[in-house]
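Submitted below is the structure of interest, expressed as structure tokens.
For clarity, chains are labelled A, B, C and D in written order, and residue numbers in each chain start from 1.
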Amino acid sequence: MTGTIALITGILLVLIGLWGILTNRDIIRMIVGFSLFDVGIHIIMLSIGYVAGGTAPIIENLSDIGKSYVDPVPQALVLTAIVIGLGITAFMLTYAVNMYEKKGTLEIDKFEELKW
Amino acid sequence: MTDIIFLIIALFTVTAALYAMLTKDRTVSVLSAGAAGLFASILFLMMAAPDVAMTEAAIGSGLTTFIFFFALRKIRSSRNG
Amino acid sequence: MVKKVFILLMIILTGLILWSFVPGYESRTALPEVSAHYVEKGPEELGAANIVTAVVVTYRGLDTLGEVTILFAASAVVGLLIHLNKNENKRRREGSEILRTGTALLFPLILLFGIYVFINGHLTPGGGFQGGAIIASAVVLQVLAYPNRKIGHGLLSVIESLSGFTYVLLGAAGVFLTVNGFLDNRILPLGEYGSLLSAGLIPVIYTLVGLKVGSELSSVVISLNGESEEEQL
Amino acid sequence: MVDPIYLIVIALATAFALGLFRKAPSLLPYGLTLAALAVMTVISGSWAYGILSGSLEGTDIFTAGFTPPVSINLYMGSLEAVLLLLVNLTALMTALVLRKEVKDTSVYMLMLLLVFVMGLNGVIMTRDLFNLFVFIEIVSIASAGLIALRSNLEQLGAGFKFVIAGALTSGFMLIGIIFTYYTTGSLNMDVIASQMSPALAATGYTGLFLIFIGMIMELKPFPVNGWGLDTYEASVPAVSALVAAGTTSAMFYAFLKTSYMSGGLFVQAAAVIGGMTFIGMNVLALQQDKSRRLLGYSSIAQIGLAVLAYALVALYRIENGEFIVFALILTHALAKALLFWLAGIVGKDSIHDWGVIKKKMILIAPFAVAVSALLGLPPFPSFFAKWDLVMGLAARGGMVWIILILSGSLLEAVYLMRWFGNAFKDSFNEEDTLDWRFGTVLPVFFNMTVLLALGYLSASQSSFSMGFNWILLGAVAVLMVLDFLPGIIKNLLLMGAIGYYGYGFVMAAESYRSVFAWIFALGALITLLPGFGVKGKRMGFYPSAALMFAGLIGLIEAVDFMGFFLSWEIMTLGSYFLILRGKDSKPHALSYMLFSLGGAYLLMTGFAMTYAGTGSIALGALVKAAIIPHSGIIFALLAVGFMTKMASAGLHIWLPGAHAEAETDVSPMVSGILLKAGVFGLLMTAISMGEQSIGPVSLPYVLSWVAVITALVANYMAAMQEDAKRLLAYSSIGQMGYALFGISLMSHLGWLSALVISIVHFIYKVTLFLAIGSVAKRTGTRNMYQMGGLITKMPFTFFSVLICIIALSGIPPLAGFSGKWIVYNAVLEKRWMLQGAVAGAAGIIAFLYLFRLIFAIFLGQLKDNHRKVKEAPFFLILPQALLLGLVMFFSFLPGSLLRPVGEILEEFTTAGALEWQGNMAISDYGYWNGVAVMWVFMALFAVFFLILTINGRRAQWIKQFNIVFAAERPARPETTHFSYNFFAPVRKALGFLEYPFTTNFWNRVSDFLHAVAGFCRRIYTGNGQTYLLQMVIFVVLSYMLTKGGF
């Protein structure tokens, strides 16, 4: 049950993030949308690795080998994904700051210098 | 029982995320997104993923929010200057 | 308005795509083969109690190297844009007395905590990335408290470069010392299971990652705060 | 061998270490970066060499001391090695180009460059899904950083759009990866591929779909690629080069890997998306005049083509698929990087400002090579790839796709050739400068060399046998290298080469081929003679001429479709460059190229269908093709293709301008010689396939009407011209109409007439173009009403024109008559009286223009400003003299021409063949004794000459200005010239013939396409958010269409 709830929560967060990305003209809030989108994906990923009744894959004694653990792989992937997400967010924000300094606005539809 | 707590926190997460997208105020939006990240990290903890929970709390929710604020501050200061 | 309804429709349809996965989903009861291998053989093979760390640092070490690279690239982009758009600094209001005193007290403590987190990554939850982020938040405090103090990239950049360089070299050492052993942690003895100095190269790598991530994130924060890169810490 | 993992180690270690050199002089980190990239190039190069030469085998690279799937593994195989070499080499070259930027960007740019390259290496090698995702993110961040190298508003905007689009894409992909992990329990692509089954594909559909759509969106499919176009346009050109060559190639390979992983689950969708992208981008590019954005359009289109090719290869199980796909990818990468670097050297964004490239004439060569390679012209790998693909598709019934690929290619030719023409012809501002440095120039020429070398290699790899003589292309290459020599020396070399090779070639040619072999070889030598009179280096002329003649010779030598088509394209390319050299020839050269390519694609389709029906690509298969299904369509395709070259009515609008505006000695080449290639091809088709029909419509019958209409209208148009060279050009169209008519008669006499007309038209048209060309050169005008009385100044030229027009008008006694005589015999035999009547009418009109030619130019009053005009230079007269000798020979002994040619044709049909009694030809309807006619004519001539001379004594000489003008001087003095609007009365009667039906039709086609492009490209609003929405819609629609619901 926990897994399913998490999966649905993740999907909802992805959709909410998508909604934010597609409807906010403000670049900062679009970026917020992206970070929610990311969080949603992370939750989905973890729900995939969840094993009902499993414990965290930290084996303090070698004698504990063989107990039920949750899948460590998705956790490792999420760990990576979170850090990548941070990198991308920082990156986008730097761009946003520089765009603001050049143009004095943060509305996405004002940045149409290049088209067609 | 844990399922119910889990469900409640999941609801909190979704609500915080929704609020982040619906509010008009940038700052509030960034803060609610951070809150959503924090709730998510509780979910992670409950899903037996302490490593991820810690990362999400420190990076996904904490540092990201900081960076948002620094960026906002810089934007504000360049508007004033 | 029409546009928003249309977007909503698209998002619902996207939701339907994702939803198609839900009915077939059930929480696993057993681990996939590879994960089972990690959980059952991991402790003996790599000597790390925290299997997630074992996966992150060694089994999927290439991912982690890539991850470090992404942060590195992001901070290089931040550095590039700051470098290209140097503008004069405006004086900012100093942080309050409480904040400054608090920072003076907390700064070393947070630093220490960060170091603790990444050194123990192979034993307890946490590791290089989390520790690095914690160190960076110490720098955030510092910046908040003394917004006009010039904290430069000089030292940070040296730490970052050296730790990154060493990380890659240690990884490559595996290719020299063992067969196909890029990023193999077993080029150092595995040590006593569960102790600080165990799991071969893992604590070393996590320390390097922690230092690198910490310095990178710090310089991103400092860059965004608008300081130039000329001054040193 | 060095472990490939060092590619990643070296790039990363250097990138990380660069941080230490922040304060050091910029040369140090720059040198380190170059060294790292060089080492990486060497490593990947040695692997590529080792694997391709067979001394090494593809190898797995394990990490962490474990074997997969426990740890991540990479793979180094032949494809990987080649792509890695490509990427690392391009990066090294790009680093050279970026030398100037190092100072402003501190070490950051170098760090990003290294990280970028490392990411690309990883994308190519990795076999792990999530690892692929990580590397894609690295590439995406690093390239987004490099986009903002100058940090201006355009770059920031473009970079931001790029990042958000990338984030959305990778988000979808990540969800797909984790779903796939759930269903398969693995992240290793090989493991997943080995497990893949229909059942698994069904349960894991969503995951696999999301990975597919994510990878496809990395390739910037139409229409969700506005962000990609922006980045190509905004970035520093060197960065765009690396993105276009490196990122797209690596991402494409990653796409292939994931596609194999899912067992080809989405190839149909890939085919549709690829085809849509190829066509869509090429249409939209029509309206684009910013060079780098144009290159962006073209890049995306080419990747679309590669995706399409991959999908078709999989769907239709086409052989040699790997070659097809990777030849396309490699050619594109090399050519596109070259063009972007060139854009950096030129430094102008608008394609109308590219004339400045002529400041360094030598840059035209790489430009031409790159454009030709992109268009899939020979000898580049893309040519062989397209050929193999089209043949394969035809054999498996993929006609729709052939049409799509070829029409897309034609559209691409429109804008690329237009751009090239602009650069070559447009004037430029002397103050503009080129970024001419070692670092910027070396990469351009390096890639050019690689492209040429690959062309040679891929020809030997092509699965179809090669009926082409590479010696001739070798000569072209030698002339290109020796282009710095004086023109006279190059001319000697080329003539020597053609003479030497041509002798054996003409001797070896059999049957009707020998007729054309004579025309081509002799024509080449004769038309090259005037070149001795041109001083200076004449850069580019001789390689182009050599290219054209190589193609012509190759046509004759070809034994299979491949050799024929290859020669055809080479000939077209060479003649295009020649025509482009003319002063005002820009638009005409473009339309020439487009019609030629269009025609060539029809030929290709026809050949492909023949191959499909007969299973053979030998030219002889055309005979077998006569009895397969769709033989009528094959005949029609080939006929229209060849008729494009012959400029038959409806397909002729390129000719008048192209032939009239060409240089004095180029006009005879293209008019006198080149047109015969079309006759040759059509004759071959007609002889091989015989009478064909589509449904109840007999194709020769249709052709005959097209032919006589061509003759009639073209002759009329010729009569109405004021420009003497245009007159000759129209006259050529008319003559080719006769040749077409002869072929369409499908009889011995008909074909004989076509051959004879080809021969005599070659002789007369070369002579006339040389004569009129020298008049135009001496008087400085081509308008006939500005000439007059030149008989005294240019007597030899007058004589040569006189002889030619007598011959050309087809009246006795000269050789031109023999052609006409045979035609009418053949008409009588076929009972096509109506067509014969129209052809006769056309012949009468021909008198009008021929008469005018001699009258307006040479008779009448000499113009004041022509008093100092001299006779044509020796090297223009010499070839005329030679040809006139030939005319006289054939005229006195018509049998010497008709007999052997007729005998050749008896191999195919003897019905209605001429019989010979001494010098007398006897047909079923009469006889003709050329020698007797000649003597009679001479006698009559002598009689009239005497009478006139005697009477001439009584003629009164008046002074030139013994004319009294009344009242005022007219506003347009030329209207009073006696030869201005010479045939005004005729015009009153037949003016409707001048209405430009054809021109208007083709203009409408062009306007329509441009309007479509102008309208459709509005989807690229420039708004990043709109782009994201388009991407979401794209994902949703693709899902619905591939799965058929949710």
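Operating definition for what follows: contacts are C-beta pairs under 8 Å (C-beta built on N, C-alpha and C of every residue); 3 or more make two chains touch, one makes a residue touch a chain.
If you're wondering where the values come from, they're calculated on a predicted model, not measured in any experiment.
If you compare C-D with A-D, the chain pair joined by more contacting C-beta pairs is C-D. Centres computed as Cα averages put subunit C at a distance of 54 Å from subunit D. Distance between chain centres (mean CA atoms), subunit B to subunit D: 58 Å.
Centres computed as Cα averages put subunit A at a distance of 50 Å from subunit D. For the pair subunit A and subunit B, the distance between mean C-alpha positions equals 11 Å.
Residue positions 130, 134, 137, 141, 144-145, 148, 151, 175, 179, 181-182, 1029, 1032 of subunit D are each in touch with at least two other chains.
Multi-chain contact residues of subunit B (touching two or more other chains) are listed as 49-52, 55, 59, 63, 67, 71, 74. Across the assembly, subunit A contributes 1-3, 8, 14, 18-19, 22, 38, 47, 49-50, 56-58, 69, 73, 75, 77, 79-80, 82-84, 86-88, 90-91, 93-98, 101 as residues in contact with two or more other chains.
Chain pairs that touch one another, listed by label: A-B, A-C, A-D, B-C, C-D. Of all the residues in subunit C, the ones that touch subunit D in their complex are 7, 10-11, 13-14, 16-21, 24-25, 32-35, 37-38, 45, 58-63, 65-67, 69-70, 72-74, 76-77, 79-81, 83-85, 153-154, 157-158, 160-162, 164-165, 167-169, 171-172, 174-175, 178-186, 229. Taken in their complex, subunit D has these residues touching subunit C: 3, 5-6, 8-9, 12-13, 15-20, 22, 61-66, 69-72, 104-106, 108-109, 111-112, 115, 118-119, 122, 126, 128, 130-131, 134-135, 137-138, 141-142, 144-145, 148-151, 175, 179, 181-182, 185-186, 203, 205-207, 209-210, 1029, 1032-1033, 1035-1036, 1039-1040, 1046. Touching subunit B in their complex are the following residues of subunit C: 50, 52-53, 90, 92, 117, 125-127, 129-130, 133-134, 136-137, 140, 143, 217, 220-221, 224-226. Chain contact summary for the complex, subunit C toward subunit A: residues 4, 7-8, 10-11, 14-15, 18-19, 21-22, 25-32, 34-35, 38-40, 42-44, 49-52, 54-56, 59-60, 63-64, 66-67, 70-71, 73-75, 77-78, 81-82, 85, 87, 123-125, 127, 129, 133, 193-194, 213, 217, 220, 223-224. Contact residues on subunit A toward subunit D in their complex (touch as defined above): 14, 18, 21-22, 25, 27, 30, 34, 37-38, 41, 44-45, 48, 73-74, 77, 80-81, 84, 87-88, 91-92, 95-96, 98-99, 102-103, 108-109, 111-116.
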